[in-house]
């Protein structure tokens, strides 16, 4: 009984898919506004597509993890070649995914569902549409180059095998995340990216900074993950479905639900933590502690883009409302400017790039928040453009660091001579980042300006932010391109020379791709913006990208303004840096420090709480128990009118009858008094031995009570046990010389006394309450009736012990045997320890 | 007075006497003053308890209680021996014995 | 007391205790006796048999009488208002002429249960028995009382 | 406690207690008593023995490690419960055999073995504890 | 009369709790025993008490010829007594060994497993 | 006379109870440990023994009677032994008799007082 | 010559039908464990034979329990009433999916730990009755999981307790004695409180059979019933280590031999949690409803406070002990959310925790062994030195934090769903459900923080606390026995991993088990009490 597989692919003209789960909707009618979606059964898919769909999606989902598991072994076997071999995995996935481009570009989508937890209707389902395909292609494509790059970058590293394993698993998680249709699968891969990135960020684990960055990233993204999980569960609760495609197909009905705000908040928190929106951004620059290939991957196409992806994915369900737009645009704008300014503040190339990633993420979120066709198209294009140039730039920076031993722009210059290929890669990428025509970055900028043209003051403000942000980013791009490579040659820790081919392939290919895309407006439109836009907006999106520069278009002027400002930023970078750092200094704190404060605060708090709760003082633990006992006794009795039986008038006579002193005979009173005397003597005894003897007295009195009330077996056993207890108490006391005083101070005596009375009174009252009813004696009646005829025993108690409830007795004698074993264990080791103690000195 | 009534009366009186004896033994346990006095009183208490059980046996006519009484005698002896040992172990320190006496 | 005797006594005791003198029950009692004898095998070897039933019975009679008398005497003492005046305690070292463990033990127990006297211990050289007397007027008379009373009879039983 | 008088009387006391303990155990099905109390009295007799003669001598007298007896007891009690598998009845169903010996009818039953198991466990365990405590050299660490 | 016994149960519990809170291990043990005795008496009382007639069928009869004391609680208590005694024996020997090893009988001073000055968690990553 | 053994038994029972009570009175009233021991061991043993005898008489069953007698024997065997052990331990441990006691010098082997 | 017992038959008293052999699978696990433990004592002269003998016994138990689980899985709850007496007169053992599943998990963990324990046992440990006590512990735990009688449950609690006493003090170090005093008093008090509530319950209802109690409890006085239920909650809350009654656990779990810690973490609190589930959810649902606010409060406090302890601790095993408590909070949350998902989540969480906590302690033991310390501040360098330990520890920590696809995720998912169901319903429970969901999420985050701190300090950091990053600690090598322990840890971890990746059987089991808990008709029918309404 293997996992059931259910395949569904759209676009093959079978029947219009209805979601079986949808009939069970908890919310009001949801509008159907999805992309055309057709569900096809397994056999049909097999006939129509052959095994291609099945194999390829299974391959894309599984292969990275298989490769990850095998990576250390492969690395062990192949050594330096392993990077090349392992890069074939993402490359293969990339190739396979390319095969879907036609289908998707035609406006169709493909779904796959593997039964996972049929008991709960949970499938591991995947959905390939424009949005996921663009993301998946970017991830696998860049992934291949990253694997290749790291083969050289970490050559000879002791744990390179592990590194491959982590990065491949990370890529697999990312691919799974964008391909997932089930919210639960999405969450699973989401968490998996957190965990694998944790391992990658902390790869240089000997350094505390790396460990800190890793923990920080994990904690922040895990908080988001929890929000995502809660959101997913809530969505499932409201819609009855785990599949996002199904939920999307229901349209925006969720937005009318009273819990929309909660769902929105949960998803936004999830996305913002992952996509590092201010003020949850600080983990991202710190993640630079990871080896450069990781940064290149994390910051370009993966990890941080997961949040962007989630927002885009959920736009049909959650998007379009005012609060959505305000949240996304607001936080996006702040993050954009914050990140761009922070980039200028830095002189470390990696840090600069990291901060620009923040800015770009802000930009992407802002665009999703705007939600117009242009904005969404711009988002798609910008995502691709950013992924290409950011990965390339990181790889170049890694190469510089690798070859020169530094990555501080103030300590670098004139590298273009020694590292010409690197320079070309850097230049291509940086120009795309600046958004010059003939690069894909240009289209992205054009589309986003288009998206905010001609609106109200809010859109104008957004435009200003966009221009400012883009200009700052352009400035940083120029800095990254020009400062290290041009100008005077500066001596570096290592004498610089060109990086190995494996490290150059990435920047050149990606930079080049940016330019290739930049000259193919139709390609970008048809392959990226339109399918992606369609997937996000649920309607056909048409883009009109063109290479023609129209002087009359305000767009061109805005671009020109951006470039001019960018050059200004580049020129004034040092001044701005000084200024910004001064502001920073004045401010004195930042979110990163807040994290430390929070973390250490938590640790201190945890320490304090734990010391308070787990102080190691048994008597206080017991106080807690008895306080709980008193509450357990009294609260139900008082709140549920449990003492009513005492005050009922007609019962009053009976009550006094029951407690009346005459109900006991005089010698019975004698025994009761003896018990009380024994108890009081134990309590008041000033020496332990008197206490022990008095203990024997109360035990004996109890035995006599049993005897007087028809329980000879009990009396017998109680007496024997009580005497034996006194004997072994004495036995042990013989060996101890103890302080005899009650060690408690008076306040404690009073407190303990009150507590004890509280418990004792409660038990007595509850017992009386129980006694006020009648007892159902059918068990004892049957025992009495059958003891002799069936069980052949005249002593009913003993028959119960060995027959009716013999199983109890079997357990009971096991306890006795266990006590023997436990006591022998206590006494046994003494000799061994003593022997050791004597041998030691 | 029929034999049954006689037994009833005498056993009741006996139980009352024995109950008194129990309490008196208890008094000696409490007031001491020495450890050995208390032990002695406990020893007596077991004998009294044995007698009490015997009296209950007579009163209820359930002679099976006799065995319980005998068992009390058996284990009461054990207790006395153990307590004597305790006294022995404590004894060397006279001042402690004095303090243990609660004086 | 030899093993066979112990087994026999225990078998009879067993049968009596359980209230059934059937052959099977006696057999079981005998088995129990054997088990006890096994457990106590170390202490049984050196014993001499008990003889002279008549003397035993005489000793028993004397003992029971003295026991009752002693109980009554103590009882009378404790209810006297002038208790302090009556009680004249003393500890006396009584010279012993019996030698075996069994004899000493029997004697000591008898002394304890009889009027006014209580055995505290035997001296390490087993020459003296330390006796506590509740009321002693004359030390020598007390010693003579013991030596001529129980000690003599005990010796007779064991000779 | 090692006095002539005690040493001499101990065997008698121990033997009486042992016999009494078996008696109490066996008649428990019909009258007050049973395996637990029987075992308790039996173990008390070993305690007396230990105090009179010392733990080593008492151990030698027992010959078998008392915890082994306890183990046997649990096995015996459990096995007497498992026997009912042969009569197609649930665990711990009692089975009674009446051995007709002409003179008397001797009832042999699984509850009897069960009670004997209880006796052995209690006797063995408490004896082991008593002897271990007794044999523990006892003086407290300074 | 069950109400008097119920009150006595309360007294047992009170004494037990008071002693259990006393910090001295031996006293706590006494408290535990008294508490357990109280619980046993509680079960006994909860099964409703009856004077003097034990649940033993007289010889020769198949069923008792009158009302008898409730046998089930007695059986339960017997089991509980045995178990309680086993636990008591263990705890007592434990207290004894703890005193030998830790030189303390006061729980206040027994702080090896949870030291009074436990190290604060390090503020590092 | 029908039920004679019951009348005797009842009387013996009363007697036993009385002795027992007097033993405890003695334990309260007598001046020191050793004198109290006289009361406890003698009156106690006799009182307890008589009560057992009463059970034997009332029980109307030879097995019960025999057990009662065994019980009495056991009591008479162990009571003096217990008294001896207690007195000895007390004396060795330094519990001195009442000041009025005239005393021979005791040579008790206190080397035996180890806990074994 | 032989006469059967039926001279007089009272059809109302006795079961007339023959018992099939397969029905014995419910009683054999307990009987075998008990008799096995006792039999090991007879091997005194062959101390080397105790381990193989114990392993054989546990294997036999596993076979029985697998068969039992199969019966329950396919045919619903299974019951056997001891001694041929009709329930409620005899003691019933009744297994539903939760009981049978937990029992199987317990036996599995016991098997692994028995062998793992060899890691730090040597010749001098022979004859210390370790294996017998482990079997006794297993007997107690199994009995508790399988019994259908409340007083019998008490007995198995005590069997478990006494065995745990012996195991806790094994080795006799002073710190163990100190811990055992706390553990001993608090736990014995807990079982005594259980007994106290049982006495009251008997006085109210006159019966002890759980299925029978279900039927008659609604007729009893609600105030008294609630009082009894509150006492049961107190007793089982102590056993399960729910806040604020959990003090015994951090005081004791770090002191015994590691194998014992693993066993304790796996079994002890879970028995308490199971008893809570059984009594409050299945047997006394009416009282549970009244106590719901209390349960919610306890769950939230336990969920939030426990991981703080794990963050605060520098003693590795003590820190893990707090993680164990945190898990109990999750179970309590399920009990406080009385819908099908909640109960299923609680049940599955127990199952997960039994396996995962054992792995965690076993790994901790290997870490202690190799670093020669128990203080995380004195540890470091494991990441570079040991790939298997790294994978095991990280996996176990993530599983504890409920990160998918580890086993711990699935019960958390169910619990969150339960919270959502309850929360969305719009009833008065909304706020409680919301608070529980938030607490569950906070617990996950805090647990992850605690886990990653341990990871960073023990694994990533090269040297000990305060050392420079270039000072690497030298780790002790694992000897043959140590490698055996590692193999056992890996084996159990593989089970956990496989269960996480293929959760369907367990999820289905949890669903069906929960449905039997909430609607006990099948459970009652299995005992034979159906159709006999009081």
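Chains: A, B, C, D, E, F and G, in written order; residue numbering restarts at 1 for each.
Going forward, a residue touches a chain if its C-beta (ideal position, glycine included) is under 8 Å from a C-beta of that chain, and two chains touch if they have at least 3 such contacts.
By chain, with names taken from UniProt: A = Na(+)/H(+) antiporter subunit A; B = Na(+)/H(+) antiporter subunit F; C = Na(+)/H(+) antiporter subunit E; D = Na(+)/H(+) antiporter subunit B; E = Na(+)/H(+) antiporter subunit C; F = Na(+)/H(+) antiporter subunit G; G = Na(+)/H(+) antiporter subunit D.
On a predicted model such as this, the values are computed, not experimentally measured, just so you know.
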### chain E reached from chain B - shortest hop count over touching chains
1
### Query
Centre of all protein Cα atoms: which chain's centre is nearest to it?
G
### Summary
Chain centres computed over CA atoms; the one at greatest distance from chain G is chain C
## Note on the structure
Outermost chain relative to chain A, judged by CA means, is C
### Message
I'd like to verify one number: the distance from the centre of chain F to the centre of chain G, where each centre is the average of its C-alpha atoms, in whole angstrom.
### Response
55
### Task
Starting from the mean Cα coordinates of chain B and chain C, work out the distance between those two points in Å.
22
### Message
Suppose each chain is reduced to the average of its Cα coordinates; what separation in Å results between chain B and chain G?
### Response
47
### Message
Two or more other chains touching the same residue: where does that happen in chain C?
### Response
13, 17-18, 20, 108-109, 119, 121
### Summary
Residues in chain F with touches to at least two other chains are numbered 18, 23, 25, 37, 45, 47, 61, 64, 67, 70, 74, 77-79, 81, 84-85, 88, 115
### Task
Enumerate the residues of chain A that touch no fewer than two other chains.
208, 211, 215, 603, 606-607, 611, 614, 616, 618, 622, 708, 712-713, 716-717, 720-721, 724, 727-728, 731-737, 763, 767, 770-771, 775, 777, 779, 783, 785, 789, 791-792, 794-795, 801, 803-810, 812-819, 821-824, 826-827, 830
### Task
Could you list each pair of chains that touch one another?
A-B, A-D, A-E, A-G, B-D, B-E, B-F, C-D, C-F, D-E, D-F, D-G, E-G
### In the complex, chain A residues that touch chain D
712-713, 716-717, 720-721, 724, 727-728, 731-732, 734-737, 791-795, 798-799, 801-803, 806-807, 809-810, 813-814, 816-817, 819-821, 823-824, 827, 830
### Message
Could you list, by residue number, the parts of chain D that touch chain E in their complex?
### Response
30-32, 36, 122, 129, 133, 140-141
### Task
State the interface residues of chain D toward chain C in the complex, per the touch definition above.
3-5, 7-11, 14-15, 18-20, 22-23, 26-27, 49, 57, 60-62, 101, 103-104, 106
#### Entry: Parts of chain G lying in touch with chain D, wherever the complex brings them together
1-5, 15, 18-19, 21, 23-24, 27, 31, 34-35, 37-42, 44, 80-84, 90, 132
### Summary
Listed in rising order, chain G residues that touch chain E in their complex are 8, 151, 154-155, 158, 161-162, 165, 169, 172, 174-182, 184-185, 188-189, 192, 195-196, 198-200, 202-203, 250-252, 254-255, 311-314, 375, 377, 453, 456-457, 465
